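Shared chain: chain A. Partners: chain B in the first complex, chain C in the second.
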Partner chain A sequence: MEANEILAKAESLRNNLSTGFRDEIVKSLYTEAENIAKRAVKSTSDKKYDFDQKIDRLVTSPYTGLPIMLLLLGLIIWLTVSGANVVSSWIAVVLFGIGDYGRALFNQIGIPWWITGFLWDGVYLGLAWVVSVMLPPMMIFFPAFTFLEDLGYLPRVAFNMDWMFKKTGAHGKQSLTMAMGFGCNAAGVIATRVIDSPRERLIAILTNNFVPCNGRFPTLIMLATVFVAASFPPALTSLIAAATVVGVVLIGVMFTFIASWVLSRTVLKGEASAFTLELPPYRRPNVSRILYTSIIDRTIFVLWRAMQTAAPAGAIIWVLANIPIADSNLARAIADWLNPFGLLLGLDGVIILAYIIAIPANEIVVPTMMMVYMGAGMMINGPTNNTEIFNLLVNGNGWTMLTAVNLMLFALLHNPCATTIMTIYKETKSLKWATLSVVMTLGTAIVVTFLTASIARLLGWV
Partner chain B sequence: MTNTKTVLPTEHCETCPAFTQLEQMGIKVGDFDRVIALAGNPNTGKSTLFNALTGLKQHTGNWPGKTVTRAEGGFEFNKIRYKLVDLPGTYSLLSASQDEEVARDFILFGQPSCTIVVTDATSLERNLNLVLQVMEITENVVVAINLMDEAKRKGLEVDPRSLSRDLGIPAIAITARSGEGIHTLLGAVADVIEGNIVTKPLRVGGTPEFQKAVNELVPMIEQMAPGIPNARWLAIRLLDGDARVQKALSTGELADIVSRQQRADVQFSGKMSVEGRQ
Partner chain C sequence: MNITIWLVLTIILLAVIFIPRVGLIAIYKTYRIAQAREQVEDALKHLLDREQQGRHASPESLGGTLDMPRGNVTRLIEDMETQGLLESRGTNLFLTTEGERWAMHVVRAHRLWERYLTDEARMPLEKVHGEAQRREHSFTDAQLNDLDAALGHPTRDPHGDPIPTREGTLLKAEGMPLTAWQSEGPARIVHLEDEPALAFEQILAAGLRLGQTIRILDRNSQRILLTDGETEYRLAPAVAANVSVAALPESEIAKASAIPLVELQHDQRGEIVILDDAVQGFTRRRFLDLGLTPGTTIYPELQNFFGDPRAYRVRGTLIALRKDQAAQIWVKPI
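Let's turn to the complex of A and B:
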């Protein structure tokens, strides 16, 4: 018996069936389900609206839905910013202290300078930086985010934002995948599997990177605190910093919409498809599960990944910084060579170099940058508080507000990290889309920062 | 796992927690005697039940579509080792989205010893559509009526016996979050597999002429691919004009799918433990 014969037979059988046979099947399925359920379920109360529905009227209302969403986002980021600042400097003091001790010990027992330097000023310093910069925000952000997730709030976000995505030609569930992108863009890309339509799924994959992931949050938080919020009274610092980060996130959302709109009118033409999304009941989050998910599955997982790239990155920078060229070193020479391009974007050569070294993981941009700024000797450890960072960057390396703003924009818009690019390739099984994801985001980042830098200079702001 | 719930009078002695043993085996699923699939609508608590049984920490989140690939884990119950496969939540087995395909292919061709369909007690009617569709594919089905606590809070009373009688398969009330009813559920699963309970799944098959057409097609499919499970379901899909099933049949992909799904992929479990983190 051949497959074709069976197909032909099925075809002829189908043609002999009365026209409405499909509807008959579906109808009998639904009728049967209804009857069975009617017999098995009895309602003992005649409450029409329960508590869930009352809350939903508020959080999914066309008037209060979006403001509540923004407030919750602001609250999470404010908690993260204000908590992270405190913990971050403690961790920095402890870890850099260990570095001093280790270096002194190695010198004392007569280990060659280049081994001590490579291990303590390269590998260890890279690790210490990544942990002190990344761990505190994650420890606060992930539990808060997981709390909202377990509560059942995420589908409400999708509900509120659906009409906007529809207008751009994208899928309403894209807001779910964006929410996952806050944790990690690679996870966000995997989460796009919930989108049925391949066209809309591709849009969600390609634009996911415009949501700043946890690897990029520390950069945004540091810049927002050190530069933007520094000119305000201390009492307002964390509020202003949080507002700045929320602003950056909103710019990212704006670019998501723009990119989705452009994509669905060019390479991914089509209309938004309809879908149903259940609003699950609110459930009381389970504290131990939140802690497990956010600490073990998320924080430790992401931090471990960052450490794996930070150690070799630290080593590379140390080596580059210790290969002498004329009266300078190789790291400086490369940074100087990249400087004209960096300045064009309102950045500088060191930042561009840091981004190139940090392609495997965005998390290590700030540490890399700091280590290059601090130079070859690196006998001092990193700055441990905001004033020291401000001094190092502004007084020592000529940063302006434009540098800070453009670095935030660049961090938000530039290409995905290597893990995310690999995930995009695996999910789409296409080199073309993986490449487009890089070209599109990096192109946007370069154009936008070039424009802001040019405008700021034309207007004489810097 | 310790079960501190009081023994309900409806539970049989042989399934009472005092006499049964549940041992979580995590991802150590190398040697197993039986395979159980967990199906159900999105957000009905499949992953919560999966975690309760295996002791794993598959990510659970309160939004539909959290599980996008299948996850595997193991547990031992009454000295029998089970491999449990957590499938993505689906409303039906007919559409072509990726997560529905994962679920459908496994129930169809993975030949689990038993499929547990996890349903939401608070919206049973909608959930039953999937139950009826799974029953089209296999006779070894047990319905778990989950979220009984939420149903109670909403003032709903669900009668498992009525459901069981109508469907012709065991229906067990559980609350996966607290572990209530899980032993009874596993007892029913074991009984179905061992044949102590003979299921008579209700088949809602449309008109008599349609049934006749199905019966004509089934022997042809069985002749072409001897030993193929679910010839009946394939016949229905072919009559419906399911493009994917047609393509799978003509390209020989069907045979590939069958062998791939039946492979005891231990490496897959290892991979999941990395990929499953989100």
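Let's turn to the complex of A and C:
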């Protein structure tokens, strides 16, 4: 037969197929599989799902389901906050020690000050900061997250929360990608691959940034500790700080829902489409796999990406801080120029400058701010004691409660970091969506902080 | 100095206007051509539509459909006549063979796009028509063939209308004259023959419509007695011969004795009978992949505290479905 004849024959045969022939094919595959399974697998008793059912009843019931969810969220954040602080300072001591040693060595062999400064006080210090600030929370958060994932609990969260996502036109699995976003928004954006409908996936991608990532936790923790927890007894400090951060996170969740709702009524119009969610049986977590996935696949992967962007950012910061202008430096001059805009948002010029420099990596916002406030030539830890930080910010640089609150809001809502923007571009293959993700979040941050600042000033709170 | 600036500005301005392909004039021309093509194609669709309904198109009906003043309609008809797409005889307009071929192409594009938008892009049904309307005008035959193959050669669009084949023929309705229908069971009216007009008018006067489900109550040489469950219809055999009926699709019959999964009570088990015809493409594949095949036992196990979604145990796994999805799976309680 000629090729054309065969094609024509196929064409004519196709018209006689019943419409459900694809269903029949799948059905026969399943029947065949069942037969094979029956021959090969011997089951002594009918497997019951009693145990799973009991847990499921507990974690999805109206009275215990939501509290368990919030408790677990709070617990993970508290573990991260309190554990990370300690480890962070150890790592900082070691890494900054190496920096001091390297600087001394360079000075000894007579290398010009600006090369030493650029390399050790700029690039190296940027890296050291990111590693010491970012690594500890990730090493606590990612294993905890992977543990819940391995256990099979996370799909239950999606199951519990789906009604809310459905109302906003989104997909329940978005809650999983949001949970991932706590670790790293870029990782969260990649995690949206589990959502199989394009519209809902785009919503999840664009709103993922409203979940604060590890890189933004240090800012939130610092503010929560210095401005909120400081008025409580010292024993409660880490608990109150964690509770404050949980509060900020919940505000972020609220913005996620608002943004999803707005998106599915404007640019991503449509009703929620196909929703299927598998709730796997509970399994005993596999410790070695958890450690491998969380440390190698997630922590090291994210850290490496952050380091790539932190090194150039560190260099830029050093350059800005070391170009003298009048009796100050370029960083201070730019900050002064940005100050009116910053004040309009209830922030100040230094914070805006820190956020512009920190576009590659949000971790360095706090050290950059401290550096400019203190007029230093390099990122320094500044005061470590809470009272000293409070003095520097409030008495030295005119901070108020409004500045602290608005900085928390800005840290929560502002544009994604460079890595996340790149990831969004790669995942959507569209400049348009990447741009929208920036415009939407930055716009929200500016509008919200402007409103809170204006309201606070109108009511005479500040 | 000033003159140079003006000269440069003028040159730039002229370039922006006149440059071939990207200049303003070129853009405007492309736009006009696309506009004209859309008009012609919409006119062709209208004529084909009328022909399929067994009515004749006229300049008035065309102007009404395209929402166009009379003078423009006349010009459009003249243009299309010179292109050999239609003939006007008296006040009636007829498609030529070439016109019909083109019209079929547009209809095919429209319906394939509707299928794609519903099944793969999962756009809500009420938005699908408008979007397909925008997309139907700029595709070649080869592109449509690719789309057709990618969708698995669908035969009907989401509204149930047949999709023309690549040869440009509409699938013949596989019905038989009502007079030849012997079964007691229900049948669906698949075609109303419009020639001769007298018989057609009698059919319409009796109140029968396309797509109606009917059952024969009684027949003799004088008349055939039909019912749709509520009203009784009486037709002379000569007239009834012009009504084509076909057996109900299997899915309709299967559904009759089943309930949607969403209505299954908490302590009830069900056996999947069929997936609704409305579920096609991606969603259907997903359902089948999860093992939701006909004959499978399924029962609800876990209820979300807001009632939606609900998780069902099927083949040993627990799968959560929203109400909208569960309403599209038909089960028989067991």
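By our rule, the second predicted complex is superposed on the first by the 370 of 462 C-alpha atoms of A that agree within 3 Å, B and C clash if a C-alpha of one lies under 4 Å from a C-alpha of the other, contacts with A are read in each partner's own complex, and residues count from 1 in each chain.
The criterion applied here is as follows: a contact is a pair of C-beta atoms (placed from the backbone, for glycine too) under 8 Å apart; a residue touches a chain by one contact, two chains touch by 3 or more.
All values reported here derive from a predicted model rather than from experimental measurement.
Engineer: On the A-aligned overlay, A:Ser231 touches which partner chain: chain B = first, chain C = second, or both, or neither?
Structural biologist: neither
Engineer: After superposition on the shared chain, which partner residues are touched by A:Asn286: those of chain B (first), chain C (second), both, or neither?
Structural biologist: first
Engineer: Have a look at where A:Glu278 lands relative to chain B and chain C in the superposition and call it first, second, both or neither.
Structural biologist: In the superposition, A:Glu278 touches chain B and chain C alike.
Engineer: By residue count, is chain A touched more by chain B or by chain C?
Structural biologist: B
Engineer: Once the shared chain is lined up, is A:Glu5 touching chain B (first), chain C (second), both, or neither of them?
Structural biologist: The first partner, chain B, only.
Engineer: Look at A:Lys42 in the shared chain and tell me whether it touches chain B only, chain C only, both, or neither; answer first, second, both or neither.
Structural biologist: first
Engineer: With both complexes superposed on chain A, which partner does A:Asn16 reach: first (chain B), second (chain C), both or neither?
Structural biologist: After superposing on A, A:Asn16 lies in contact with chain B but is clear of chain C.
Engineer: Output check: A:Gly65 vs chain B and chain C. Expected answer is one of first, second, both, neither. What do you get?
Structural biologist: second
Engineer: Applying the document's definition of touch, where does A:Asp196 land relative to chain B and chain C: first, second, both, or neither?
Structural biologist: In the superposed model, A:Asp196 contacts both chain B and chain C.
Engineer: Which holds for A:Asn395: it touches chain B only (first), chain C only (second), both, or neither?
Structural biologist: Neither partner.
Engineer: Once the two structures are fitted together, what part of chain A is touched by chain B and by chain C alike?
Structural biologist: Common to the two interfaces on chain A: residues 14, 18, 22, 30, 47, 155, 196, 277-278, 280-281.
Engineer: Give the list of chain A residues in touch with chain C in this complex.
Structural biologist: Within the complex, chain A touches chain C at residues 11, 14-15, 18-20, 22-23, 26-27, 30, 47, 49, 52-53, 56-57, 60-62, 65, 155, 158-160, 162-163, 166, 172, 196-199, 269-281.
Engineer: Quick check: in the complex, which residue numbers of chain B touch chain A?
Structural biologist: 42-43, 57, 59-65, 68-69, 95-99, 121-122, 124-126, 128-129, 132-133, 150, 154-160, 162-163, 166-167, 177, 202, 204-207, 209-210, 213, 216-217, 220-221, 223-224, 235, 238-241, 246, 249-250, 252, 275, 277-278
Engineer: Applying the document's contact rule, which stretches of chain C touch chain A when the two form their complex?
Structural biologist: Per the touch definition, chain C meets chain A at residues 121-124, 127, 152-153, 155, 165, 171, 249-251, 274-275, 277, 282-284, 286-291, 293-296, 301-309, 311, 313, 316-322, 324-325.
Engineer: Help me check something: in the complex, which residues belonging to chain A touch chain B?
Structural biologist: Where chain A meets chain B, its residues are 1-7, 9-10, 13-14, 16-18, 21-22, 24-25, 28-30, 32-47, 50, 146, 149-152, 154-155, 173, 176, 180, 183-184, 187, 190-191, 193-196, 277-278, 280-283, 285-286, 289, 292-293, 296-298, 301.
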